[in-house]
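One chain, chain A, appears in both complexes that follow, with chain B as partner in the first and chain C in the second.
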Partner chain A sequence: MDSFTAITLAVFLPFILAGILPVVEKVLKNRIGWYAAAVALLSLILVAQVAPTVIHGENIQGSIPWIPSVGIDLSFYGDGLSIMFGLIVSGIGVIIMAYSNGYMSKREDLPRYYQQLLFFMGSMLGMVFSANLIQLFIFWELTSITSFMLIGYWRNRPMSVYGATKSLLVTATGGLFMLAGFLLLNAMTGTFDIPTILHSESMIEFIKDHELFIFALILILIGAASKSAQGPFYIWLPNAMEAPTPVSAFLHSATMVKAGIYLVARIHPMFSGTDAWFILVSGVGIITMLVAGFLAFRQTDIKGILAYSTISQLAYLMTMYGYTTHIHPGIGVAAATFHLLNHATFKASLFLVAGIVAHETATRDITKMGGLRKEMPITFILATIGALAMAGIPPLNGFLSKELFYEASWEMGAELGGAFTFVIPALAVLGGVFTFAYSIKLIDGIFLGKRPSRGLPEHIHDPGWTMILPTAFLALLIILFGLVPSIPAHYIIEPATEAILLEPVDLHVSLWHGLTPSLAMTIVTFILGLLIYTRYDSIAAWQNRFNSKHPMISVNYFYDAAVNNAKSTTFGFSSRMQPGTIKTYVTALLLLMIVLFIIPIIVLTPDIIPSTLNFDIQAYEGIVYLFMIVAALGAALLPRYLPAIVSLSGLGYLVGLLFIYLQAPDLALTQVLVETLTTIIFLLAIVKIPQKFREHITPSVMTRDLLIASAVALTVFIMMINATQGIVPPFESLSHYFIEKSIPLAGGHNMVNVVLVDFRAYDTLGEIAVLCLAALGVYNLIHSRGEEE
Partner chain B sequence: MNNTLLSLTIAILFGIGTFLILRRDIVKVIIGLSIISHAVNMLIVSSGVFAGTKPPIITDDGGHGASETTGTIFTDVLSENILAPITTAGHSVNYVDPLVQALVLTAIVISLATTAFILILAYRIYEEYGTTDIKELRRLWG
Partner chain C sequence: MTTIITKTVTRICLPLVILFSISLLLAGHNNPGGGFIGGVMFASVIALTYIVFGIDHIRSFFNPDWADLFASGLLLASLTAFAALPFGHNFFRSAVEFLHLPFFGEVELVSAALFDLGVYFVVIGSLLSVLKNVGDDK
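For the complex of A and B:
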């Protein structure tokens, strides 16, 4: 199997195998999660199998024609960056699906849950391996949609629905901005193919000098920021915590929220090295990092703390990708990429711990917890590893990437000079201090201190191995990456960094590299972090007071106002447009019809009433016409249903008679048969509807309706008598074709039949489909009645 | 069929159907729809018929016989400059237009389906709400 096939399979197998999941569920029942984990493992193996090729510096590329006319193919591209994301997505996927076996209750709708998780995984893999901007956009929006469904997994909880809607509105709207940015990129380069742009220096030069550059950059960054919860778009992520915890661990910490980071890394060669890049990416990054880190203090929900922490940590990554304009790009990008990998491990493990704690204590409120270390020793150890890694304590992996971040910030400050020499490192340290404080809070609040006397279940214990093992595996990775950083650095980070920078990178990461400024910054972080931690609760209390005093200083305030107003506005609009009475709709429709018919007649014909009217008819025709009018009047005026329907049926047979006269034997036959059937159905239905209601038509209503009816009749009449009066059609009738080809092509003498079953057989197929649907509809209407009784 | 009286008949049926559609009783509305669909079918079919034409069934003399080309179906004189999109134009045949008949045949069958469906719908509405008055239903739905 070549590498391209392997990647294609890794992307599409989750979709296909998720499709048959309901069938597998019949066999496996509650153990369906292991099937899902096996599917994720399959993708992981497929991605891992191509990794060596990429590590040796050979990128994977291939495509299958999709929409060749506009240059869009189904094409995949695997470089170091894609492979790293591919490994994270499928690897964490395996862990999450395995963990879910313990977390999700047997009573839950497991097939839906796992199906959506697998759909998400496939979409995410498709996105990171996309070689085509349009394809990337499609997979990008697919991840938004699956995220929406998973956040709203508990459909009957209002907060779930709120969170799901919010995430979809923010991320999908951001995605549309991104699409606009891609189109601008296409306008500049003439291609949607990512590798083509990446590997053409002249194209990249051209982009950077182009007047559309700044617009494309801003649009794409809006997409990235909305997905990665940066800047004002962060608001959706805290509400996304309504999802089941494994989903939060998977989508909203380890993978999907990193899609924006992926995008920034992906477009790095095209847009970086400019001032706009630095200001937008690093500027938004630093602000988000500080604000989100600070806001984490007032969260009492464990997952809420983790959500704000995720926002803040993602902002680290953004900041570092933005640095490359001014400092030697290697450090910032490598630091960001390394931290990205580390964050996936420790944040996912912390979410899994949060899941365990919530699962065992039935609450996620940190203020109600404490002293659980004795009852849940294993969970305590795992949580400590994760939290300390997040805080940046050696020898865990978070320490290493945090050091690199400090180093990059220090150099950045030195590069910019002036006040920035200290401001930028100080801001970086401040971000680290917040991180340190809430990391400690997680351990202290849940596991240390005294067990509260009320609010917790009596017996709390470590969960089963299905939840412990996946978490432990992540903890193991945290320690491993920390102690032997050369393994991830060499096999994952270097290829990924090379893919971002498009030049060879030699990365050396070690626990100890002398007395450097970054070490000093780390030590300052720890000291300040401990100091701030002693004031943790009063800071949180101050935040709460501030928030209740100034409710308008909040992005959510504006989001809620906008969404609620949109709801009431559209509701008002639609209730005015659709008052619900058939009469209004019909009147509007008929009046529009009159206008649309009368205008061309007035414009096109010399006289509205043509001079050559033909009143020349046979006596029997006149009788048929007369009877038709009488029958229609009878159907309209007879007060009781039954006589009216008999009269209507008479009209139908007269129409059949008229068809014979109009040289349409087939129609006459059909009309008679159908009329018979219609009459039977009418009678069957009508005997069941007693005639209780009899409309009293007031004179004013009568006048109005008669006016409308006469206007319609007059319009139809004028249209018909003008139809053959010299209004020349702009094209020739295609009926010739049927007359000429009926025998040679279809071998039929009856042209109507030939048209129906041969030349326009698809129409007939559609007609049969309508009949089937109507039959199904009738059946269901009758059937639904049986259920209620 | 450029016959004014037929046009008038169809127009009157349209008017009656329209009046019925504007009623408050669902059953009356359905009857109105039926009448309108009859009228539309006749309108379309009559537009394909011209004086002196034959039913659209090809007989052995093919309709191409010179003695029978008393009338042409199509006003093809316009084809002096515009070429027919599909076939060569300008040769006279005396069949009525088969295409409109095929379309109307489909329409007749489909109107059977829709009539059956809305009838059952009306029946179910009556069962659920005990009335066929649209205004009353509107009030009940809130």
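For the complex of A and C:
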């Protein structure tokens, strides 16, 4: 199997195998999670299988034509960056699916859960391997949609629904901004193909000098920030914690929230090295890092703390990618990429620990916990490893990448000079201090101290191995990456960094690299972190007081106001647009019809009514017309339903007769049958509605209806005159084409039928689909009305 | 409405109309007819029986789920659209084949006829499902 096929399979197999999951469930019942884990493992193997090729410096590329006319193919591109993401997504995927077997209750709707998880995994893999900007966008939005469904997994909980809606509104809208940015990129380069742009120096130079550069950059960064919860767009992530905890670990810490980071890394060659890049990426990064790290103090929900911590940690990555404008790009990008990998391990493991704790204690409120170390010793160890890695304690992996972050910040400050020499390192240290403090809080609050006398179940214990093993595996990775950093550095970080920078990189990471400024910064971080931790609760209390005093100083305040406003506006609009009386709808439709038909006729024809008319009416036709007029008058004037309906049907049958005279047997047949059927339906309905229908028609309403009816009649008359007299010049009649081609192309003599089932079969398919929907709609209307009563 | 005359007429009409509806479906490609007309005709005659003999009486011995019919019709029609893809043709490409059978003479096989059959099922299924639901509504 060649590499391209392997990647294509890794992306699409999760979709296909998730599709048959409801069938598999019939056989496997509750063990369906192991099936899902096996699917994830399959993707992991497929990605891992192509990894050696990429590590040796060979990129994978291939495509299948999709919409060639606009240059959009289904194309995949595998370089170090996408392979790293591919490994993280499928690897964490296996861990999460396995863990879910222990976490999810057997009573839950398991097929839906695993199906959506697999759909998400497929979308995420598709996104990171996309070689085409439009394809990237499609998979990007698919991850938003699957995330929406998974956050709202417990659909009866109002907070789940709120969180799901919020995440969809923020991330999907951000995606649209990103699409606009991609279109600008296309306008500049003339291609949607990412590798083409990346490997063309002239194109990249052209982008950087282009006047659209700044707009494209801002639009794409809005997309990235909304997905990775940066800047004001962070608000969706804390609410996304309503999802089942394995979902939070998978989507909202390890993978999906990193899509924005992936995007920033992906467009790095096109946009970096400019002042705008540094100001926007690092600026937003530093602010988000500090604000989110600070706001984490207030959280009492374990997952809430982890959510704010995720936002803050992702902001580290952003900050470092932005540094490359001013310092040697190798340092910032390598540091960010390494930290990205480390964050995926320690944050996912912390989420899994949070899941275990919530599963065993039935609460996620950290204020109600304490002293669990004796009852859950294994969990305590695993949590400690994760939290200390996050705090940046040696020899765990978080220490290494944080050192690199400090090193990059130190150089950044030195490069900018002046006040920045100390301001930038100081801000970096402050971010680290916050991280240190809430990391300690997680261990101290849950496992150390005294067990509260009330609020916790009596017997708490470590969970079964299905939940312990996946978490332990992550903890092992944390230690391994920390002790032997050359393994990830050589096999994962170097290829990824090379893919971002498009030049060879030689990376050396070690636990001890002498007495450097970054070591001093780390020591300062620990000291300040411990000091701040002693004031942790009073800071949180101050934040709470501030928040209740100034509710306006919050992004959520504006989000809620905007959403509520939109709700009431659309509700008012739709109740005005849809008052529920059929007469209003018909009136609106008819008036629109008049406008739409009359305008082209006025524009296209010299005379609205042609001056030379050529009518050739036979006597027997004349008689039919006469009867038709009588029947039409009868339908309009007869005072009761039954006679009016009979009169209307008579009119219909007369039209059918006319079709026979005009040698259109198909139309005549259809007309007669449809007329019969509508009459039958009328007769069925007639017994259920009031027999008089003229009670509340006032003279003014009558006049209005009369006017509309006459106008419609006049319009149709003008239309027919113009059509039958052949005086709409710009268009040639289509019938010649169909008369000529009907037999050679479709082998049918009945042109009407051939048009329906062959030439315009796609239209017909749409129409019968509408027919099915209408039937389902009627079913729902009738049955749901019964339920409400 | 349910006089002895209508009942007798309906009883005689029912099989004839169904046969005619099927012949319309099959004739459609070359002569007047087709899935839509055939379907409407079938639905009308069933509707007529529903009214003349009473929907509850009919349902006591003949009560298909019309939703199944329109769903399978839509599936069939969509599948014929995709059928050409594995042969490297475009979506909805139709095929015509002439067969020489003893007894029938030359018979024309058109892939579009399968699509028409789908239309036929959808029309019958959706119309009768609407009718049954409206008729059921107390």
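Simple rule for what comes next: the second predicted complex is superposed on the first by the 586 of 789 C-alpha atoms of A that agree within 3 Å, B and C clash if a C-alpha of one lies under 4 Å from a C-alpha of the other, contacts with A are read in each partner's own complex, and residues count from 1 in each chain.
Assume contacts are C-beta pairs under 8 Å (C-beta built on N, C-alpha and C of every residue); 3 or more make two chains touch, one makes a residue touch a chain.
On a predicted model such as this, the values are computed, not experimentally measured, just so you know.
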Give one of first, second, both or neither to describe whether A:Ile629 is in contact with chain B, with chain C, with both, or with none.
first
Considering only the touch criterion stated at the top, classify A:Thr584 as touching first (chain B), second (chain C), both, or neither.
neither
Does chain B (first) or chain C (second) touch A:Asn564, or do both, or does neither?
neither
So, A:Ala774: does it touch chain B (first), chain C (second), both, or neither?
both
Which of chain B and chain C A:Ser510 touches, first, second, both or neither
neither
May I ask you to decide whether A:Thr703 touches chain B, chain C, both, or neither, giving the answer as first, second, both or neither?
neither
First (chain B), second (chain C), both or neither: which does A:Ile689 touch?
first
Partner chain(s) touched by A:Leu613 [first = chain B, second = chain C, both, neither]:
first
Which partner chains sit in contact with A:Thr5 here, chain B, chain C, both or neither? Use first/second/both/neither.
neither
Overlap of the chain B and chain C interfaces on chain A comprises residues 665-666, 670, 674, 677, 681, 685, 749-750, 752, 754, 756, 764, 771, 774-775, 778, 782
Looking at the complex, which residues from chain A come into contact with chain B?
580-583, 586-587, 590, 613-617, 621-622, 625, 628-629, 632-633, 635-636, 641, 644-645, 648, 651-652, 655, 658-659, 662-667, 670-671, 674, 677-678, 681-682, 685-686, 688-689, 691-695, 705-706, 708-710, 712-714, 716-717, 720-721, 723-724, 728-729, 731-743, 749-752, 754-756, 760, 763-764, 767, 770-771, 773-775, 777-778, 781-782, 784-785
Looking at the complex, which residues from chain C come into contact with chain A?
1, 24, 28-37, 40-41, 43-44, 47-48, 51, 66-67, 70-71, 73-74, 77-78, 81, 91-92, 94, 96, 108, 110, 112-113, 115-116, 118-119, 122-123, 125-127, 129-131, 133-137
Where on chain B does chain A make contact in their complex?
1-25, 27-29, 31-32, 34-35, 38-39, 41-43, 45-49, 53-59, 63, 73-76, 78-79, 82, 84-87, 89, 91, 93, 95-106, 108-117, 119-124, 126-127, 130-136, 138, 141
The residues of chain A that touch chain C in their complex are 665-666, 669-670, 673-674, 676-677, 680-681, 683-685, 746-750, 752-754, 756-758, 761-762, 764-765, 768-769, 771-772, 774-776, 778-779, 782-783
